[in-house]
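The structure is given below, and queries will be raised subsequently.
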């Protein structure tokens, strides 16, 4: 039934390659099938103004797509002179999601910026960015711990994300682009490794969904996040 | 327990005054307690380029806040030279939500732009904008029907929205600003008058929530939306 | 002769409702016939850089129009990414006019920002903004005086403004939109309550006017400003 | 009494050198004492969208200052990414003023853009720009007439402008920078060669003025414009 | 003498991996030592306005750097709202260089946009972008030839580029970042596979160079380009 | 053979008029035939952040063109809201070139900004800007020396620039606009008065050139720069 032949509860194959760039404190290339996102975590000593002298740290994120990550070339946002509403919405989501897994007091007054740049897109880029972004963050924090710059681990629980939606009337896990562009209802679930919810974004465009369907999608999401957490932990071992 | 003394499942008083401005095809001033939003629906003959010659119509939305709608004056977005990420995220949400209740084929190849401008803010402005925006849209569509410009009603079902969150450990309905600024988990539920889901945005900042809590919040949302639908229908009668 | 049936020296009915928004230090909704402008005065502790450590205060203004304040929807300036030349010209005029009535030394090193947002437009919005802006300023300054933050009243004289023009060959007072769009000559007179001139902006587009006509317009303006001053003083009593 | 030793009704020496740049259809360098403005008139076949197929022409203006036209270097507007409110206000004034002297039907469906660039500033740059701008416009229109592209002269009457103000309590004509920066009241009068008024902009900053003073300033302006008209006509002979 | 231990005329190791992204018509990842640039060629049917109905094609380029391609994180240009002067200068160079090797008549009225995105930077990114950009272009043109969309090959000669400079008083080939940041003189040579010159950009900052030194640098460049041409041809075989 | 009838190695007549504006610390109007550029040097006490407390000075440049400096009117960059890539590329070149002739330690911690504004363009504006820019810089530095603000002369060697290109198959010196728009190869040579090279920018568009041709162009450039240096020294005597 699915264009890829996958089962309704079957994710695409996940691969997370770490330390892929020499300058960033933490980095990985995450592949969810044909969606490839490069995630880097950069350690910075400055924090946003509202945190100065509070002893609390900050984790923030930026998101971008290379112009030809998609089927047809998109205009470069730097050339257009602004980030689209979609880009800003996504990077705010990534930042919020990662912060939910951080003890900002243990991190101390420093900022980690996670850049998620989509090299190739096939649906689900924001979820891949969150999942890979946590791996980059984990690696950068490991450096801080190893160097003794921080004493207790500020990362409370892994954070990952997966999309679910209703495709051809069926709840399905991890939509790829052909499914995403057809689904009347789809959304993203951000969860911790221990199964707690951080963020839910369900959205119908020209359609609606029932509470029963919502529950089926949450079941799928829980299954997906469990698999992603395992992949994250394997990658950072 | 709530700063306002409300019950956990008690909404603020709702008032919807219609036809408040002489130029717009449809308009209302919605008040959810101390949150006041002016909503106007403007009929335009042009549609976005991707809809030309398709026979399908479009409903879109823009959102703004007057600089002194808030406790301290905010910089005017027009003076800053761009709309914030927050503004763009909200107006995309309003547009998607309203479109979910529209039969775009029945609307025909025309656009209705719903402007939601916050005159005074006390939490929940995006939900008030959706609820009031639907009323303005309803009134503008009524004009089209009355004039015979369209034959069958393109508005399938009323659309409204309410916020819910976990405040002081308790699920509560319709957060005001003092609650919103303290809640570790909060979100917005957009639903139809017949109880179907259009959009869910739950978000934890520096916190998490369980699936049980999620279910309690949905119960509250269903109660709130039922009351809002009644207020909408009374207003447009 | 006038579309509204008014006499040549007859203003539209004026209404000034005060304290219309809960957050601003001073506010009013001024209605000049069908032109409605919401004015708020916000007290801020910072002053512009060139005034730091001078002991002098500042009054400034910003102006905006809701997108559907007009007959056809205008593009939102925040979405366009800049304020139009017209907007900037108007807000500079409002600021200069209000400052002409202020003893900036008595105000002390603080800034009051007056926001004038047009809810509904029918000609003469900048004049209504000045007249209503002074009322909002008066109310905000009253708070400072009452709190003992300043000792002597910095507001020397009320400031108000009225438009005049030559419509169908006749000098007329307080042009509404149908007149304004036809008049070959029109302008704005800003004056104090005691009848002194602050600003005159007379402008002919594709036409000219004589010195005699200019004198007739000034006679009208003096009559109009006297009535506006009375309305201002009644409102802030 | 005046810093320059001039009489109160004495203008600075005026010089208008024509045809100073080889590409423009009309050009001049106007000097009002130490204020030097280069004015060029460019003929363009396109008109603004609202004039297409109306048979009517358009005259518009743009204004700029070289960064070191002033005592201390100003930031280049192109580098700042926008024209200041002051620049936009001035170029709108120049355009309106020049159009008041044009029969747009006789001009036919073409646009003339008048660029006024301040090479050196010593007060009164907008007035010099209008006076010199008309000369450039006259020369460009002469070319159209000579080539037979238009048959009847669209320039009805010369247009020029002069500043007046109250300096040290005295009404004075043609303020230079030292006077302008001290004057509590100053303004600009745009008039035709035959003495009709086009635009008056009187403005008090932190001060006021009486109707008597206004009349004295108008007397001065009439004297100044008569001299400017003579200089314009001599230059284009 | 060189930080890397290379000989003065020794390039870094070159690797060119082709077809690295599934959507682009041509792509490669070029590595010049630790400088890694992803190049994609996108075929578009539109051409710039000045080429419409001329039968001539166009090749253009855009350049970007991921924020953490460098030692310390740079601000994202999309977030800053504009491309830096350096970025624009580089992408204009890449476009001009590639066009020098194209018969635009044989290409026909279509545009190929070459995007060069720096994944990791260690000096010489613009040269790597040109060299890799030509490979991506070659692969995209091959598709056009294979599909029969064009008949004769529009690519006349391979195009590649290499940097040279004077480091520690010695002319050296292919500067890496540690050399580049110290060199008082450095530049880029763009050449064809058959040894003709397309572009020379030599620049001294706080220093000068002699004509003899210039000749030595050109000798080095010729050697480098010969090796790069061989690598290009091997990659596209 | 050349449109102007000049010999292949013959420059246009050069004129440099100094002290042409009263406010700038140094200024000149340079004419290379029909290319006229106004250059001003402004002394500023602030330096860029990276130089604070280093004792080193800075020389920077900005470049602009009046809208009607060219055959057809160009859009004003200030109105477009950004400087073009070409403008930025040119002003970066002027700044680098002038700095190559400055001992920034002898200059001390101050900045000199050289503004180069093209009044009339006929090819070679960037070269004229560099040559004239050095004259303005020299005059401004003379003021510093005369005032005793600096003790030893920071200007090591005059800096000037000339274009060369291949026109109709022949290497020619100092291209004017008709040549420049036809030449397949052209470039700019920046050199010191003592014949050392600072910058070479050779560029072929849709063409290539040989090393022999490059040498002939360098011969021409050396001849041109010698003449320009003489003109500069005569002007500042």
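Letters A, B, C, D, E and F mark the chains as written, and numbering starts fresh at 1 in each.
Following the convention adopted for this analysis, a contact is a pair of C-beta atoms (placed from the backbone, for glycine too) under 8 Å apart; a residue touches a chain by one contact, two chains touch by 3 or more.
Owing to the predicted nature of the structure, the values given are computational and were not obtained by experimental measurement.
A.B. asks: When you check each chain against chain C and chain F, which touch both of them?
C.D. replies: Neighbours common to chain C and chain F are D.
A.B. asks: Fitting the CA atoms of chain B to chain E, what rotation angle results, rounded to the nearest 5 degrees?
C.D. replies: Rotation angle, to the nearest 5: 120 degrees.
A.B. asks: Which chain's C-alpha centroid is most distant from that of chain A?
C.D. replies: D
A.B. asks: Just grab the chain with the largest centre-to-centre distance to chain F, centres being mean Cα coordinates.
C.D. replies: B
A.B. asks: Measure off the straight-line distance from the CA centroid of chain E to the CA centroid of chain F, and report it in whole Å.
C.D. replies: Chain centres of chain E and chain F, defined by C-alpha means, are spaced 28 Å apart.
A.B. asks: From the mean C-alpha coordinate of chain A to that of chain E, what's the distance rounded to whole Å?
C.D. replies: 33
A.B. asks: From the mean C-alpha coordinate of chain A to that of chain D, what's the distance rounded to whole Å?
C.D. replies: From the centre of chain A to the centre of chain D is 59 Å.
A.B. asks: Residues of chain A that touch two or more other chains: which are they?
C.D. replies: Chain A, residues with two or more chain partners: 81-83.
A.B. asks: In which sequence are the chains arranged about the ring, given a start at chain A and a first step to chain B?
C.D. replies: Starting from chain A with chain B next, the chains run A, B, C, D, F, E.
A.B. asks: Enumerate the contact residues on chain F facing chain D in the complex.
C.D. replies: Residues 21-24, 27, 34, 38, 40, 42, 44, 62, 64, 66-73, 76-83, 87, 113, 115, 117, 119-120 of chain F touch chain D in their complex.
A.B. asks: Write out the stretch or stretches of chain F touching chain E in their complex.
C.D. replies: Residues 82-83, 85-86, 88-89, 91-92, 96, 99-100, 104, 187, 192, 196-211, 214, 218.
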